[in-house]
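Structures given as structure tokens follow.
Presented sequentially are two complexes of subunit A, the first with subunit B as partner and the second with subunit C.
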Partner chain A sequence: MLAEFLSPLFNGLFSAMVVFLFATGLTLIFGILRILNFAHGGFFMLGAYLAFTLVRLIGGDMSIASYLLVSIAAGIAVGFCGLVVERLIFRRLQHVDEAYSLIATYALLLISEGAVKAIWGVSFHSATTPSALGSAVVVGDLVMPVFAIFIIALGVLCYAVLEWILQHTAVGKLMKSLASDPWMAGMLGINVPRFYAWIVVIGFFLAGLAGGLLLPNQTLSPNLASVFVVQAFGVLIVGGMGNIRGAFLASILLCVIDSYGSIVFSQVPGIFFYVAMAVMLLARPQGLIAGARL
Partner chain B sequence: MSNDFSRRQITKSLAVFGAASAFGSFTRPSFAQGQPIRLGLISPLSGSQEVIGRYQLAGATIAVNQINQAGGVLGRKIELVTRDDKAAPAAGVAAAKDLSGNGVNLMLGVLSSGVALAIAPTLQADKSVLVVSAAAANELTHDQFSPNVFRTADHAYSRQRALAKLVAGDYPAVSDWTAINPQTAIGTSNWDSFVDGMLQFYPELNKKDPKITDAIWAKFGATDYKNDIAQLMRSKSEGLYCGVYGGDAVTMFGQAAAYGLTKKFKVLVDPGSEFIIAQAMGKNTPPGLWSGFHWFYGAYKGQKINDDLYDAYVKMTGDKYPAGYVGEAHTSVLAYANAIQKAGSTDTDKVIAALEGLEFDSCKGMRKIRKEDHQAICDINFVQFGPDDTEQGWKITDFKVIKDEGLSEAPAPGQPLKFLYNKKG
Partner chain C sequence: MLDVGPLDAFYGDSHIVQNVSITIGDGEGVAILGRNGVGKSTLFKSIMNGGPRVDGPIRLRGEDITGLPSFARARRGLGFVPEDRRIYPHLTVAENIAMGGHAARADRPPYTLEDIFGFFPLLRDLQTRRGFELSGGQQQLLAIARAIYGRPDCLLLDEPTEGLAPVIVEDLARQINAFRAANGTACLIAEQNVRFARTCTERLYLIDSGVIVFSGTWAEFDAQADLQQRYLAV
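Right, the complex of A and B next:
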């Protein structure tokens, strides 16, 4: 009985942190640059494939340390891709209509999918959960995989770190000022283009990092780019269009509601994410946290 | 292991491979009598199902090449014209229209049942024929029957009933079954057919009734199966029908490892992931997993068409594990070659007449296309997988060939499929 009630909550929280980890880079870039990066999923996928390759090279059972290092390495590699993308594409999108950014980033998504097909092929791949995270904690008849607990903890940690940076550091204040008025920030002597470049690099790093961290949870195929995109955009919109705190809250609300909905109305799995999203937007069209970017 | 070969490799291979003697019945001394016979392959060559589309392309290409090496059909070469359906109905219809508009009236392939069902009603007006190589929906030979559509592969009803016959016979102690299925038309159709088979074969073979517990329905393409897995762990069933297939099954089994799902159930079966789960999961392959196959080459070793196809595929791709889709696309081309030879023409009506009741040899032995509903009666293959200590990480532990004797329903074109035993279906 305990499990029947708590299991959907636990699994909903896990899904929420998966979506949040995926969406952080997307939220950061949209919050500051106002670029709706459709290619985010493509670079998340690239991170996952890079991590997969590193895991294969290392061989054997992964320790938690090597799993984290591999994920960070994948994040750094994707962050470097972000630098190239910023120079070649994003910099040109800052003074044009938003429709152009949608077209450009969609094209980038197709390019990333093509690159994955060319390098890794179209077959399915998967990676094992690190052995230290491969077991489960059992409380009564409630089973909680350690990997899921780990991802929930990582999601909360990621949120806490971003929140602390944004609210309590000079860099965070700079980011917020840039998000709200880049012209004024430039007038005050801030090198706005360089700052934008760093934001894109960090956003891409987070995408690659998420790809590596979530590697044991997903099947690798060139479709991976699109599996979380709809949910991530849902979180971005409900959260308040580029607000980290809003995205965090929206992830939890939408995924936990969806989790219970899928149990209660088992004949229509997955639909409650969108039902909850519609209800929340009707109730708060401005998003959960409105009025403040990041 | 890898199936990551390119279309360029396949095209190059056209000039290389052949098995002339297997196709002697089509031979003529030269190609001087006319233009090539063009066959249109409609297959997902991009998008989420591209991996399967490549298999179909390889199988059809090998068959075309072998037939041409043997002298062609009616003294004419066969030429394969490919169109990408992206596994999307609208793209499939556009591909079929494009082919017929370009004078290609004989088509084959199609993986997705949704695509096949969308194309079917358009064929009569376009005076075209489609030989389906994979799409398994029962509706195609029932309530949505088209006189211009044939299916040379097995279908959901026969495949899943064969699977039920296998487990009812080999695992008599496992009488309580449940399932996790995708919330799709084919997911429902597969499970209903499996239950129908269990309700027939289990009592026949074991003199007692099986218990079928309600299935768990998952979102197609879901990224998280933990709620579903948690429910399965609370189930008292001993047999699990894992209706989620392909990449979804890999995700599901990967997430289920921490729960000990594969240890909880005594028997695991899968409707048709073929090599996908084992190749993706390696050492984590669920032990004892039975998977449905369109064609398993290992079951027909020593049979010339099978061996030649296998050798040509391995030479073309370097991949030692051809999926059943290779064999089924190969078979569809053979069906056309036989029918055109029999009809003495490529005219649509004459080819349809020749395909009806056609008996022909294929990579998995003789098949007969029923005249009434255009469904082929053929063997059904299953392979059992398990983990292995080798670098590959998995191995084939067993395989079965089940003859379609009493598995397929009586032909009823134009009418819904009636389950004889599963009254809920």
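Right, the complex of A and C next:
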């Protein structure tokens, strides 16, 4: 009885934090640079594959600590890719029509998929969950996998850290200022291009980190790049176009609604994410948190 | 101090600023007068590399700054207040002022907040207010405070009195003059308010349709009675 009601909530929160972890880097880059990075999923996938290779190299069962370290290493490697991508591509997109951003980042997505195919092949791989996260917590008849609890906690932690940085640190205030008026920031002596480069690196780091963290939950194939992209774009839009808090709330709202919807209408699972998204956009076209960027 | 031009500036195909040359000496106050739409803001943005396509040299303290991005010009000693002020609404007054510190140079640390409140006492009581809570006059004062915080050699004020009540304009002139007298900061002011410009500067350029039509001291300006009628009155 309890499980019937709470289990969709738990599953919804789990999907929500998966989507949110995926969407943070995307949201950050969009919030500050106003570039919608279609390649985000490609670099998320690259992070997952890199983490997969590291796990293989280490061998045996992983502790939680090494799982986290592997994910951070994947994040750093993808962050370096971000540095190159910023130099070669994003820097050139600042002063051109948005259509070019779309084409350029889509091309980058194809390149990242091609790179993954070339390095790891097209066959499917899967990583095992660290055994410390492999069990489940049972409350009454509600079964909660520890890995899912762990991801929910990581998602909330990731949100809390980003929110704290944005609201309470000098760097966060600078980020919000640059997001709202980069032109004036330049007039005041702030090296805006270098700041943008850092944001891209951090956004890519978050993509790679998410790839590593969500690896135990995924089947690795070159399709992984597009698994979360549509949901992440939905969260970005419903959240208010580049607002971290909005993205967090939108992830929870859409995924929990979807989770309950899929129980009630089990013939069409997954469709309620989009129904909820459409309703939200009709009700609040400006997004959950409008006006304030980041 | 600042030697501009001969300079041409364009928005797309429109040739807005045409063959304009201006110079400002060390610590000097200079006004650029002209009606709406003659190209004053375009000239200021050209000096800061903040939008228009610019053709022509700009030298600051003898150094060629042509081609440098805006942030580098700010760091070389240009403190800019745009006509729309652009206060950061989510930041407090103190935080807005501190944003100007990014322009400070290693050999010249920024002023302290105390210094700034000494120049503009009104800001002291407002320091925890957020940008969006300020009146137009308070925003203008804050924008100037923010621009001087990094100790610029030359302050560029684009129509500082636009939209301000006359009594506030008078206050503003007094505070700007006191600050400049104490610190020897040069100043270029774009204005349509002749009275204010006269109080704050020693000489002026008149600009019409992107071209300089007069340059001289205020006494020389007054000697040609038709100038004001022809290029300023509406």
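Methods note: the second predicted complex is superposed on the first by the 294 of 294 C-alpha atoms of A that agree within 3 Å, B and C clash if a C-alpha of one lies under 4 Å from a C-alpha of the other, contacts with A are read in each partner's own complex, and residues count from 1 in each chain.
FYI, a residue touches a chain if its C-beta (ideal position, glycine included) is under 8 Å from a C-beta of that chain, and two chains touch if they have at least 3 such contacts.
It should be emphasised that the depicted structure is a prediction, and the values quoted were computed from it without experimental measurement.
Trainee: Here subunit A is shared; do subunit B and subunit C fit on it together or clash?
Mentor: Once both complexes are aligned on subunit A, subunit B and subunit C fit side by side.
Trainee: Answer with first, second, both or neither: which of subunit B and subunit C does A:Asn191 touch in the superposed model?
Mentor: A:Asn191: touches subunit C, not subunit B.
Trainee: According to the stated criteria, A:Thr24 is in contact with first (subunit B), second (subunit C), both, or neither; which is it?
Mentor: neither
Trainee: Is A:Thr105 touching anything from subunit B or subunit C once the two structures are fitted on A? First, second, both or neither.
Mentor: Neither: A:Thr105 stays clear of subunit B and subunit C.
Trainee: Return the chain, subunit B or subunit C, that is in touch with more residues of subunit A.
Mentor: B
Trainee: First (subunit B), second (subunit C), both or neither: which does A:Lys173 touch?
Mentor: The second partner, subunit C, only.
Trainee: Just checking: does A:Asn217 make contact with subunit B only, subunit C only, both, or neither of them? Give me first, second, both or neither.
Mentor: It touches subunit B, and subunit C stays clear.
Trainee: Once chain A of both complexes is superposed, is A:Asp181 in touch with subunit B (first), subunit C (second), both, or neither?
Mentor: Once the two structures are laid over each other on A, A:Asp181 reaches subunit C alone.
Trainee: Please compute the subunit B to subunit A to subunit C angle from C-alpha centroids in the superposed arrangement, rounded to the nearest 10 degrees.
Mentor: Once the two structures are overlaid, it is 140 degrees.
Trainee: Between subunit B and subunit C, report the minimum C-alpha distance in the superposition, expressed in whole angstrom.
Mentor: 39
Trainee: Show which residues of subunit A both subunit B and subunit C reach, each in its own complex.
Mentor: none
Trainee: Which residues of subunit A touch subunit C in their complex?
Mentor: Contact set of subunit A toward subunit C: 173, 176-177, 180-181, 183-193, 292.
Trainee: In their complex, what parts of subunit A are in touch with subunit B?
Mentor: Against subunit B, the touching part of subunit A is residues 3-4, 7-8, 10-11, 14-15, 18, 117, 120-126, 128-129, 134-136, 141, 143, 145-148, 216-223, 227-228, 259, 262-263, 266-270.
Trainee: Which part of subunit B faces subunit A closely enough to touch in the complex?
Mentor: Interface residues on subunit B, with respect to subunit A: 2-4, 48, 50-51, 54, 183, 216-219, 221-224, 226-227, 230-231, 233-234, 246-248, 250-251, 254-255, 257-260, 276, 279-284.
Trainee: Help me check something: in the complex, which residues belonging to subunit C touch subunit A?
Mentor: Touching subunit A: residues 48, 50-51, 69-71, 74-75, 80, 82, 86, 88-91, 95, 99-100, 102-104, 146-147, 150 of subunit C.
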